[in-house]
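By letter and in written order, the chains are A, B, C, D, E and F; residue numbering begins at 1 in each of them.
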Amino acid sequence: MFDHRHEHIDDRMVLLQANLDDMNPEYVSYVSDRLFEAGANDVYWIPIVMKRGRPGVMLNVLVSEERIGEMERIVFAETTTLGLRYLRADVHRLGREFATVETPWGPITVKLGFHRGELVQMAPEFKECEAAAKSSGVPLKTVYDEVRRRYADMRSAAGQQSGSGGGT
Amino acid sequence: MFDHRHEHIDDRMVLLQANLDDMNPEYVSYVSDRLFEAGANDVYWIPIVMKRGRPGVMLNVLVSEERIGEMERIVFAETTTLGLRYLRADVHRLGREFATVETPWGPITVKLGFHRGELVQMAPEFKECEAAAKSSGVPLKTVYDEVRRRYADMRSAAGQQSGSGGGT
Amino acid sequence: MFDHRHEHIDDRMVLLQANLDDMNPEYVSYVSDRLFEAGANDVYWIPIVMKRGRPGVMLNVLVSEERIGEMERIVFAETTTLGLRYLRADVHRLGREFATVETPWGPITVKLGFHRGELVQMAPEFKECEAAAKSSGVPLKTVYDEVRRRYADMRSAAGQQSGSGGGT
Amino acid sequence: MFDHRHEHIDDRMVLLQANLDDMNPEYVSYVSDRLFEAGANDVYWIPIVMKRGRPGVMLNVLVSEERIGEMERIVFAETTTLGLRYLRADVHRLGREFATVETPWGPITVKLGFHRGELVQMAPEFKECEAAAKSSGVPLKTVYDEVRRRYADMRSAAGQQSGSGGGT
Amino acid sequence: MFDHRHEHIDDRMVLLQANLDDMNPEYVSYVSDRLFEAGANDVYWIPIVMKRGRPGVMLNVLVSEERIGEMERIVFAETTTLGLRYLRADVHRLGREFATVETPWGPITVKLGFHRGELVQMAPEFKECEAAAKSSGVPLKTVYDEVRRRYADMRSAAGQQSGSGGGT
Amino acid sequence: MFDHRHEHIDDRMVLLQANLDDMNPEYVSYVSDRLFEAGANDVYWIPIVMKRGRPGVMLNVLVSEERIGEMERIVFAETTTLGLRYLRADVHRLGREFATVETPWGPITVKLGFHRGELVQMAPEFKECEAAAKSSGVPLKTVYDEVRRRYADMRSAAGQQSGSGGGT
């Protein structure tokens, strides 16, 4: 099992695509849910213009080779497509860590991304921010901004202590 | 009956809109055809993101007030919507004339648009260019460019004769 | 209070729009949820290209006049916009009724839409179909198709009994 | 020659792409037509944002390796691109069969898709449904729904006779 | 002349729209520039699907009534449209103020938006952040985040001094 | 170093993609600029619908293998992504030449594209046309059309002199 804490390249990934011009768009969220549950790494939809000017959508599923069989079973069962395309893709993933930030709405997790050992990404967890916003009545954007600010303050304080430069 | 050769503003137009998140996109071209046949001035579709992230489409029909009844009959019959919006719109239309250009593929019509008496638009007729491209095997863009060039040459020659400056 | 069982036109509706080119798209679902909870009739997002080629989104909220104040409070609090547009819109709503269809996965509701007394729309309720699909493991599209088929059979049987022509 | 009645994977397909930011969109339908006539398996267009925020389109052509030469000839002749990209793609196609359904508007073909021997797709032929809707004046969606309903009834009757479970 | 420091509603605005299905997208940035220079309040483009499935764009210009004449002159001269639509729009604008934040890259302006006297928006000026990022080599997102953090710290300090609660 | 005057296929290209659902769209033009400066062959953005119906964008960078390291450094620093995809792509580029056309606004360059020795593309240089339009006050589309017309006249005259057929 790979250790996702380390930056790495996964060269056994596949981008599965299906163009849909005759599917009720109501199915979209359900199809995404089922694919994520079955192990898709990402699922997204691209608006496209198909034959006869039909405004269709292209389903995209990023998934590891070994899960292709399960993905195609779901796509054929739940969408209206008669075919699928597979494109090979190498996926470069940053090293990931998590940190906790104390906020007026309780502790909130931030996801950190490292490229060649350097911190390059810092993202508050959506679901926790959403929960904090809902329960407190504070705007979601205020929660996000406050989490970012507190994480930066924390890092800046830690940097001063240790004498390292820090800085995102 | 209004004379479309003159630039004018039509202040009795309506923009009819319907958001569709549960319609098979295969119906789109058929719905457009039926609306145009029944007197719509324009029909177009906008990709939108609806409830639960559904990639739907918004149908837009530009039509004169007196034809609203017929449009809504078609939209309710042929799409899956449970409601329609009407927005009032004033439509400013250029004065229109047509000219004929001689080309290696026979005569082709160009549509001319005039703003305050001055020529501002010149568009070769799509269907005639398409027919010329199909029968001759010449690329469509070559046909378009040649029609434009010949119309410009024609106008430039006419301008020199009469001593007027011309120029688009 | 208006009786939504009857087809009617609501001429006191407003389409509120805000262009967003500097907002984290993660906020989108949260903003929609809050607007729906506060009484928006519809909320949808249109991908647009803004100044400097920024791929922004336009928020659209369809709402009755009397709720504008509450909507603008939410939009200013939860998005990054410095302004809003209001466009007046008349909304034509079909007469609505509900029916229940017996299926192998239990009873499922269908929403019916009537235009000038005639049935023009029939839509299975998404959430019930989704729940049936999830609990039974049957594809969602199969559930939808079966609900539609059974409703049509029901209507067709009723039509034959009463001698009326029926037809969707 | 491959027998399309069987489910298979075609690993000699190519996805040809060209970004167009200076082409008159009027050429789009003509380009699609020409590519389909010359043997493209699929042609679709994706709205994109290009340099300087230009709202361009990306042409996509799915085609077998041996037809690349002919496709590139058409793309260079009929569009304005100075280059093309080729991405390799494996295409998984369902087994296909056709069936005929008797309807009040005459017989209509349905296309069936089989995954691992099981029926997973059933799609009425668009052109036949369109013709039936036009000649009868019945809404296209009613024709579609009726074809689906009758096919399901047919299958359900056959399943009962033979004692097999059927499904879909 | 209106004082934009106060929140207000401008009820003399117009949304001018033109659908373009035969215009070279290269003109888009130039058209936007010219319209902004001539006093447009906003200019944006929506990808749409037009007749024959053409992936066109809809130009939108938000402008005050008194500038319509100049806008239409530019649109007819610089685009290929033969007509324009005008929709009336009321525009609600937040009260605006500016503040200056000291940063490691020099002072940077932030735009503030007030709704009913309360601060609801705070946006660093794009051009100044961009210039700081370019000259320092620091990522633009780091500049933005730092400006936001310092403004929040500034406000928080001011709030503590005066005893007011503050809060964005 | 390859000679771009000749038509060729570059089989060492990579399409780098990142889906962004939590990035301020204001960064888009800056990111594009930095990637082009660092040697990207093309940069474009596709509107997509991501998890929870977020209207995100997909960044696409076409670049040669040897520049991947530099591209990923910029993408991780300037966007919010935690991962990248790489798809291999062969790029077919037309032979390119430049010609100069005399116009009423001074000489303007046109870019020519050759497929199998035949001229298939002719595009006026955007920046020069824009500069001519700005300094002269003539509409940009008029400048473009005039450059095209003059180039065609030039070629047609050259063809008659040499007795060759010309074309395009």
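Rule of thumb we're sticking to: a residue touches a chain if its C-beta (ideal position, glycine included) is under 8 Å from a C-beta of that chain, and two chains touch if they have at least 3 such contacts.
Keep in mind the model is a prediction, meaning the values are calculated, not measured.
Novice: Suppose a student superposes the Cα atoms of chain B on chain D; what rotation angle should they report, nearest 5 degrees?
Specialist: To bring chain B onto chain D, one rotates by 180 degrees.
Novice: Using each chain's Cα centroid, which is most distant from the centroid of chain C?
Specialist: Centroid comparison gives F as the farthest chain from chain C.
Novice: Which pair, E-F or C-F, has more C-beta contacts?
Specialist: The greater number of contacts lies at C-F.
Novice: Select the chain at the greatest separation from chain E, using centres from the mean of Cα atoms.
Specialist: Farthest from chain E by mean C-alpha position: D.
Novice: Go ahead and note the Å separation of the Cα centroids belonging to chain B and chain F.
Specialist: Once rounded, the distance between the two centres reads 29 Å.
Novice: Let me have the rounded angstrom distance from the C-alpha centre of chain A over to the C-alpha centre of chain D, please.
Specialist: Roughly 30 Å separates the two chain centres.
Novice: Scan chain E for residues touching two or more other chains and write them down.
Specialist: Within chain E, the residues that touch at least two other chains are 22-24, 26, 28-29, 32, 45-47, 49-57, 77, 80, 87-88, 126.
Novice: Please give the residue numbers of chain E that touch chain C in the complex, ascending.
Specialist: 13, 15, 28-29, 32, 36, 42-47, 57, 60, 62, 87-94, 96, 111, 113, 115, 120-121, 123, 126
Novice: Given the complex with chain E, which residues does chain D contribute to the contact?
Specialist: Residue positions touching the partner: 20-26, 28-29, 32, 45, 47, 50, 52-57.
Novice: Help me check something: in the complex, which residues belonging to chain A touch chain C?
Specialist: Those residues of chain A that touch chain C are 23-24, 26-27, 30-31, 47, 77-80, 126, 130, 133, 139-141, 144.
Novice: Under the definition above, what is the set of chain C residues touching chain D in their complex?
Specialist: It is residues 49, 51-55, 142, 145-146, 148-149, 152-153, 167-168 of chain C that touch chain D.
Novice: Spell out the residues on chain C that touch chain E in their complex, using ranges where they run on.
Specialist: Interface residues on chain C, with respect to chain E: 19, 22, 46-51, 53, 56, 58, 72-73, 76-77, 80-88.
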